[in-house]
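My structure is below; once you've seen it, I'll send some questions.
In order of appearance the chains are A, B, C and D, and numbering begins at 1 in each one.
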Amino acid sequence: MTGTEQVGRAVDAVARCWIDHADELTKLDSAIGDGDHGTNMKRGAEAVLAERDAIVARPLPSALQDIGHVLVESIGGAAGPLYGSFFLSLGRTVSLHPNRDDWNMGLRDAVSAVARRGNASPGEKTMLDVLVSAESAFSHGLDAAGIEAAASEAAESTIPMLARRGRAAFLSERSIGHMDPGALSSALAVAAICRVWEDAP
Amino acid sequence: MTGTEQVGRAVDAVARCWIDHADELTKLDSAIGDGDHGTNMKRGAEAVLAERDAIVARPLPSALQDIGHVLVESIGGAAGPLYGSFFLSLGRTVSLHPNRDDWNMGLRDAVSAVARRGNASPGEKTMLDVLVSAESAFSHGLDAAGIEAAASEAAESTIPMLARRGRAAFLSERSIGHMDPGALSSALAVAAICRVWEDAP
Amino acid sequence: MKKFVNRIDDAAAEGLAGFAAAYPDHVVLGENARFVRRRHTVPGKVALISGGGSGHEPLHAGFVGTGMLDAACPGHIFTSPTPGQVEAAMGAVEVGAGCLLIVKNYAGDRLNFAMAAEAADRAVQTVVVGDEVLVGSSADGERRGLAGTLVVEKILGASAERGLDLKMLRELGERVVERTRTIGVTLSSCSPHFVRGPTVELGPEEIEFGVGIHGELGRRRASLRPARALVDDMVAAIIADTGSLAGEEILLFVNGLGATPLMELHLMFGLAEEALSAAGARIVRRLVGTYVTSLDTAGCSLTVTRLDAEMTAAWDEPVDTPALRWGC
Amino acid sequence: MKKFVNRIDDAAAEGLAGFAAAYPDHVVLGENARFVRRRHTVPGKVALISGGGSGHEPLHAGFVGTGMLDAACPGHIFTSPTPGQVEAAMGAVEVGAGCLLIVKNYAGDRLNFAMAAEAADRAVQTVVVGDEVLVGSSADGERRGLAGTLVVEKILGASAERGLDLKMLRELGERVVERTRTIGVTLSSCSPHFVRGPTVELGPEEIEFGVGIHGELGRRRASLRPARALVDDMVAAIIADTGSLAGEEILLFVNGLGATPLMELHLMFGLAEEALSAAGARIVRRLVGTYVTSLDTAGCSLTVTRLDAEMTAAWDEPVDTPALRWGC
């Protein structure tokens, strides 16, 4: 499968996943936020799907940056700029035909771009906790299943955390006991990508 | 028992009755009105009770007119002017020591004062239906129990009526099947007065 | 229904006291809060006095001030004020040119204001406001006084400032009432302080069509549908009452009944403008917001006034009241 | 929760379209409704731009016009607008004196407005509004941007009309934020279009104390008590944050969160004025009404701004926007 075909299938899988789990994300964001994360991610997914063919037809770096722009201009809220920064950064660093090391470097930069943009660090009950875990699993050479598990565990790990960033931070202790909605949307995306990667490495 | 003593006991009985049945009147007025008849009549009762001794100390005609003024300035809404007109008229026509015929003429004038003030006629699902029945029972020489029964039946008779006056008239057919709140407050008052009258004719 | 309140019986009085505290430059509370009057009366001007039960805020006290009312008499919640309150208000604001009483078409309001007018030893005239669109079988019935009351008070207020006398004002008022039609829809009834729970229970898919402003039953129960369908029904009911609006210059006023967010009122306004334009009407003046309410009722009303030059000019005149302010 | 709506996803856009239709003389919708701008810009004036998720109406688009904002960017319900919207607004209303972005203190608002500022090829400065009173353990935390945003926008709007430059406006804005504190209380949370039922379930005797304007959980759950007790707690929390208000000249602004009737807001205003006066504060300016909301939330907020001469003068300047209008 060509690179762009794989990107296309990843885009479809992530978008499908965010759309299918919108209600779940809404429920989480209702508990410690304002309830819009589900519709925000669904809107972002639909916007990318609407331009999927054009995006996939472009060279990988541009395709990834296009995805970033589309997400920034469609999701809104805190999640938009953060997911946008991730793909914009990834698109700027990966080469045309990246090998695992190229992806490794690209993902590392993308995760730190998110951290920088959101001025957050791991352990603050945000999507960053999942992105950091997934990236580190990838950089340690784990396979798709291993990376997916790391992401899922990271999402679970946000439940006991005290939120220090984002809307949930306003609740202090009351944020404890709930999974962070952005952490789940990130873990869902990682899982979707891993499955596509697994089917056609 | 002197006249004024009897008026005092009648005032206490009617006021006590309106206060005790406030919730019931509220429920009826919620069904086909705006729900305030219970509190309106309770407020009127409390206002008269507050001036009870001063009122009772005065000659009967003035006492009745004072009751009318107090009710007008305390009940408000449609019920205020109507109950007020009743007592104002009664106070203007009864003599200092009225016999049954004097009361008869006074009550007849008072009921027509209410009809004039409200521009209503019997059968329009208002308090007038009860006042007319009670007055006619009185004028036909019935005893306290008979008058009380007539009033109570008249209140029941408003249930199938289509309201043509007051707030309930706006509901047309939807007013059918509910007792008119003003009819109940009038029937309660008649019953209270009859019992006082019965104990000490 | 949870409320910000201390003693239930004091809810209206404490609300009025807070209102007066909030607008010291505009209004003054009459003796033991029997009425609210504008701070500065205008020599020679006809005094405009209105009032009614509390629970419709900002109506009527919110419309006391330059270009609108001289005084408003607030009764208890949903209970018309007493003749004594109206008489006291007349005594406070009448300056020799007589009083025009603006009375909504309810038995309580008409009875109490009539007793005040009878007892008054000054020139008093009355305009009864009945702007409700009659729906179905009630075609011959009485029209309730609804949100159109604001339009009447604004147009009469400006005209009184311009010096119209009592008779001309009453006639203008009656003409405005004739050309003003309102229809309301409720999604959930209000829960008055004296009623445990809502006055009318509506199911999740039920609405009341053709409603008043006292939480009472409307003309008929209907089912909840998308806003466009509701607006089309409301506009159709208005036109069935007024006759064709084709070519008419109209004021469109979409009013919230107390607990409907502005986003939804704006949405209904846009749909109403579309529907009326499609019916050939020309919207030349516009108002949208929560002005004539029924405590915490979720719902809204559409008011259409067929304007003429005099009414449009009066509508445009400056007004400076707590709830309505433009041009000064 | 029943609403006036067509398609759920179109609720905000159709509300905005209705808003623009209702105020044709005040505002113009930007290309595919990405922003709302005032009809007439003022040459040489610093452009004031704000925005945020929809659902807070009339904030922010209702404050576009003379003496307040030049443009407002509405996002989806409770979702910050995108950088592209802010950039488009800047392009439409900046007239050479730069843009001041007024940004409420939420991650989404700050992230999106920051990306727009970074991409802009014009002078841009930002004022972050965090006026929330911090309660208990969160003493060191972030302050949410609440109803005080209106005060900041009014004072900066007037000052920009008077010709203050970008730097002076930003400094004034930061000073106003520093001197403005808001605390809110919710009786029942809102039911956003995308959430089946309320965001937060509150029992019949429960309230949320120290709330935001997105229907989210507040600082703590508390029990419903008489209004006077609630106001005393709110004022105590404000003073615990600001320090004594004795001798201070203050603006008191009591704001409805969307579904609270005016009678209750007036009642809360009266109690707040009493409590603050008892604490030695002098109330010199007043505002009460439903201005900065959270869809259909039943609740209210108390905002206190410690005024100085410059702020008071700016507050008094004429303003002509859809939601706030005096002096012109």
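Rule of thumb we're sticking to: contacts are C-beta pairs under 8 Å (C-beta built on N, C-alpha and C of every residue); 3 or more make two chains touch, one makes a residue touch a chain.
The UniProt protein names, listed by chain, are A, B = Dihydroxyacetone kinase subunit DhaL; C, D = Dihydroxyacetone kinase subunit DhaK.
As the structure is a computational prediction, the values presented were derived from the model and not from experiment.
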Between chain B and chain C, what distance separates the C-alpha centroids? Give it in angstrom. 32
Distance between chain A and chain B based on Cα centroids, please, to the nearest Å. 74
Whole-Å distance, chain C centre to chain D centre, using C-alpha means? 29
Report, in whole Å, the distance between the mean C-alpha point of chain A and the mean C-alpha point of chain C. 53
Could you list which residues of chain A touch at least two other chains? none
Could you list which residues of chain D touch at least two other chains? none
Testing understanding: with touching defined as stated, what is the shape of the graph linking the protein chains, line, ring, star, complete or other? line
State which pairs of chains touch, listing all of them. A-D, B-C, C-D
Write out the stretch or stretches of chain D touching chain A in their complex. 9, 53, 75-84, 106-108, 111-112, 114-115, 132, 137-138, 141-142, 144, 192, 194-195, 199-200, 212, 214-217, 219-220
Contact residues on chain C for chain D in the complex? 2-7, 11-12, 14-19, 21-24, 54-55, 57-58, 62, 187-188, 204, 207, 224, 226-228, 230, 254, 258-271, 273, 286-288, 290, 293, 295-296, 298, 300, 320, 325-328
In the complex, the residues of chain B that touch chain C are 26, 30, 32-36, 38-40, 43, 72-82, 84, 117-118, 165-167, 169-174
